[in-house]
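These are the structures in question, set out in turn.
Look for chain A in each of the two complexes below; its partner is chain B in the first and chain C in the second.
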Partner chain A sequence: MAKGDSSVRCFQGLLIFGNVIIGMCGIALTAECIFFVSDQHSLYPLLEATDNDDIYGAAWIGIFVGICLFCLSVLGIVGIMKSSRKILLVYFILMFIVYAFEVASSITAAVQRDFFTTNLFLRQMLERYQNKSQSNNDDIWKNREVTKTWDRLMLLEKCCGVNGPSDWQKYKSAFRDVNNDADYPWPHQCCVMDTLYKPLNLDACKLGVSGYYHSKGCYELISGPMNRHAWGVAWFGFAILCWTFCVLLGTMFYWSRIEY
Partner chain B sequence: MLPEVAAVHAEGADPNTNGDFPLGSCLSGSVRQAVVQDNRSFPINSTFQETAGGQRAPYKAASFLLPQCADLPDLNEAGDVSKAAEILQAYLVRVGDDGYCLLDPNFKGTCNPPLTRATAYRFKYVLVNTSSGFVEDQTLWSQPIRTNQISPPSDIDLWPGRRSGAMIVITSILSTLVFFLLVGFAAAAIFSFASMGSSDLEMQHESQISQEAVPKAQGAQEPSYASVNRRQSLDRAEVYTSKLQD
Partner chain C sequence: MAFLTPTLLLLVLLDLGAAEFNISSISGLLSPALAESFLVALPPCHLTGGKATLTVRRTNESTGLTHNFMVPPCRGQRDLVNVVYSGGSFTVTRLDAYQVTNLVPGTSYYVSYSVVKGNAVESSNRVQMATLPRRKVETLGLGMARTGGMIVITVLLSVAMFLLVVGFIVALALGARK
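After this line comes the complex of A and B, so read on.
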């Protein structure tokens, strides 16, 4: 490829521009994934207890892929400006590795998103909420975390169960094993509270007088943030990969035309 | 003095009761007279235990004094927190309200334990004259009210079922992109090695020419790019030194 040719300069400029975009997307991806991993809604225990926390794995991969993309874009820009075959070869090899990881991250996030069904959280809640069985340390810890998360959710978000209070009526649960139905048709966290977090009227709540218990389920509050984050990781990763694909093809073309 | 009692009769009780208590049904009555009674003129006094939870015969679930119907609170004001307790007290008899009387060996009186799951129950109110001990009046048996069947959480199916379009699109397109990327890299590598082989020939040819053309190149002050290939620049080493001397 003849040097100094204006069309070559133009092509170099395009590739550098493509790499600058990759670098910026890398930083954005890292930021997004850090936000996700920081778990603003404190819902991680719910996912962890279902052994379905791969979406956090996807986000962790996203963090490192973002940083790598930024560094590699700098390497790519240097390689293109110097027209160095060796630098570009290293760039390609590292880029393929990072690309593969990001593909894994994106697909994992997309697949796991499908698993966030009401049944997943319902079954886990029934099995773990207030489960005091002493099986092993891991289970005890998970049960405690799930109980804590649910108590907080129901108390602060003014919701009850996954679909509603009837979850505790339709299914046998660990909660039902330790509490009798007459006094605890549903957890007292489901009752409408006054400002001091005491039930407005406990009897009315137990009897299910409307206005004294929360009839809304918590599913939306759990799956909403999860789905949004998973969506972000999956589709933003996908967009970056499409762009990187084009830039890489262009760089390969350029690379194949560099003379020794 | 007329105390009131609610009678309960269970139908088709499920024999497999594992101690899972469904929610006790709530009886709300503006008719507050109730007695447990068998069409005869004395009330039923059998307990929950004696009738096996109402399977063999009706049992007496609760008794209460005849309320003052003159100044009943308004049921529509149940949303008012300050009045809720009073309204519930006046309007509700909860069957299955006492979760502990069965467990207490010293318990005296009418035991009103939680009802069994997946069982149909019928209820009635009977009005009893406490001084004579006879039934004054009674309601008809209610329609059967069925308690919930309760299922274990392991019955819940976790499989998400149909895959979302997003997942299919992302997975298939990304797999294809990876494939094309590798094909592209292979093509680029093959092409560059092939052109390297052919360019080696060109190089030799070119370097011969360039040796011949040295004086000419010197004269034209051809700009030398950093990327001009190395073999050529080795050949031209003399030229450069001579340039420097100039």
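After this line comes the complex of A and C, so read on.
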């Protein structure tokens, strides 16, 4: 392939453009995954307690894949401009490895998202909220973190339980084992609070009088951020992989036509 | 016979003194209510100060528990929640209901009143009320919500990976032949 040929230049330009896009997408992927890993809504303890926090693992992989994609795109641009077989061979090998990791990250995020059903969080809440059993350190820590997370969620987001306050009545729970039903039909965090975070009317809240307790469930507030996290990692990663697939095939063709 | 007449008269008077009033479920509350308690409306205002006996028994039993209390005074209407004072930055409310606690979840009960005020005795109708059934946590299924996206992404990315490997082998072969 004569290097001076205009069609070759055009093809080189296309491949360089493809690698520039890969580099920019890599940076964007890194930024997006850092945002998810930083857990802005402080919901990670709920996932950790379910032993089902693979979407965070997928996000961590996404951070490093993004950086690698940026670095490799620079390598690819240099290799294409110099028409160097050795540089492009290194580029291919490293790209395959990064590609495989990103495939794993995308599939993991897409699959794990399907675990986020209401029953998952409901069962965890009923088993762990205010559970003071001393089985082992891991359970003690998880129970404490789940309790803190739910207390904060119900207080600040003005919601109660997963589906509503009836969750605490319809099912047996660790909360019910330590709290009298008449005094605590549901946690007092479900009550409408005044400016000092005290229940507006505790008796009305305990009796379920409309306007004195939060009837809305918290599931949407938990699943919303988690679904956006999982979808972002999975489908943005998929989009990058589709583009990278095309660029890699083009670069392989270019490499096969380079003269020794 | 003469000594019987005053006794008979007394019995008739007592019989005329017994009256009935209605109680019903309370609206405006979370419904179905609670698993171990429920709220019963208080007797009407004209029985204020009377000694009320609330009888609660399971529908499949003949005897139950009784709860005794003094019928509280009415302030205006006998509503569940009454605003007693409202002004400035706070409101004082008053709740008028009797909460029966320590019940069994998922059970039906018959509830009725008998109120004694002076020489009069008034009874209420018998109302059937139930507590919410309570399930075990283990009955909650944890199945995944399987969506098509999971299948699509897995298939497409696996095929893409395979095609890339094949393409690399072909590129190697073409390059070597040159």
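Methods note: the second predicted complex is superposed on the first by the 260 of 260 C-alpha atoms of A that agree within 3 Å, B and C clash if a C-alpha of one lies under 4 Å from a C-alpha of the other, contacts with A are read in each partner's own complex, and residues count from 1 in each chain.
In this section, a contact is a pair of C-beta atoms (placed from the backbone, for glycine too) under 8 Å apart; a residue touches a chain by one contact, two chains touch by 3 or more.
Predicted model, so just to flag it, every value in this text is computed and none were measured.
Asks: Please determine, from the superposition on chain A, whether chain B and chain C clash or fit.
Replies: clash
Asks: Contacts for A:Leu248 in the overlay, against chain B (first) and chain C (second): which applies, first, second, both or neither?
Replies: Once the two structures are laid over each other on A, A:Leu248 reaches both partners.
Asks: With both complexes overlaid on chain A, does A:Ser173 touch chain B (first), chain C (second), both or neither?
Replies: A:Ser173: touches chain B and chain C.
Asks: One more residue to check, A:Leu120. First (chain B), second (chain C), both or neither?
Replies: Both partners, chain B and chain C.
Asks: Looking at A:Ser215 after the superposition, I want to know if it touches chain B, chain C, both of them or none. Which is it: first, second, both, neither?
Replies: second
Asks: Have a look at where A:Cys33 lands relative to chain B and chain C in the superposition and call it first, second, both or neither.
Replies: Touch partners of A:Cys33: none, neither chain B nor chain C.
Asks: Quick check on the superposed pair: does A:Pro165 touch chain B, chain C, both, or neither? Answer first, second, both or neither.
Replies: In the superposition, A:Pro165 touches chain C alone.
Asks: Pick one for A:Ser83: touches chain B only (first), chain C only (second), both, or neither.
Replies: In the superposed model, A:Ser83 contacts chain B only, not chain C.
Asks: Name the contact category of A:Val98: first (chain B only), second (chain C only), both, or neither.
Replies: Once the two structures are laid over each other on A, A:Val98 reaches no partner at all.
Asks: Do chain B and chain C land on any of the same chain A residues, and which?
Replies: 85, 92, 96, 99-100, 103, 106-107, 110-111, 113-115, 117, 119-120, 122-123, 126-127, 169-173, 181-182, 185, 201, 203-204, 207, 209-210, 234-235, 238, 241-242, 245, 248-249, 252-253, 255-256, 258-260
Asks: For a test of understanding, state which residues of chain A touch chain C in their complex under the given definition.
Replies: 85, 92, 96, 99-100, 103, 106-107, 110-111, 113-117, 119-120, 122-123, 126-127, 165-166, 169-173, 181-182, 185, 201, 203-204, 207-210, 213, 215, 234-235, 238, 241-242, 245, 248-249, 252-253, 255-256, 258-260
Asks: Considering the complex alone, what residue numbers of chain A touch chain B?
Replies: Going by the criterion above, the answer is residues 3-4, 82-83, 85, 92, 96, 99-100, 103, 106-107, 110-111, 113-115, 117, 119-120, 122-123, 126-127, 169-173, 176, 180-183, 185, 200-201, 203-204, 207, 209-212, 231, 234-235, 238, 241-242, 245, 248-249, 252-253, 255-260.
Asks: Could you list, by residue number, the parts of chain B that touch chain A in their complex?
Replies: 20-24, 26, 78-79, 81, 84-85, 88, 92, 94, 96-99, 114, 148, 150-158, 160, 163-164, 166-167, 170-171, 173-175, 177-178, 180-182, 184-185, 187-189, 191-192, 195-196, 199, 223, 225-231
Asks: Okay, in this complex, where on chain C does chain A touch?
Replies: 28-37, 39, 80-81, 93, 95, 97, 99, 101-102, 132-137, 140-147, 149-150, 153-154, 156-158, 160-161, 163-165, 167-168, 170-172, 174-175, 178
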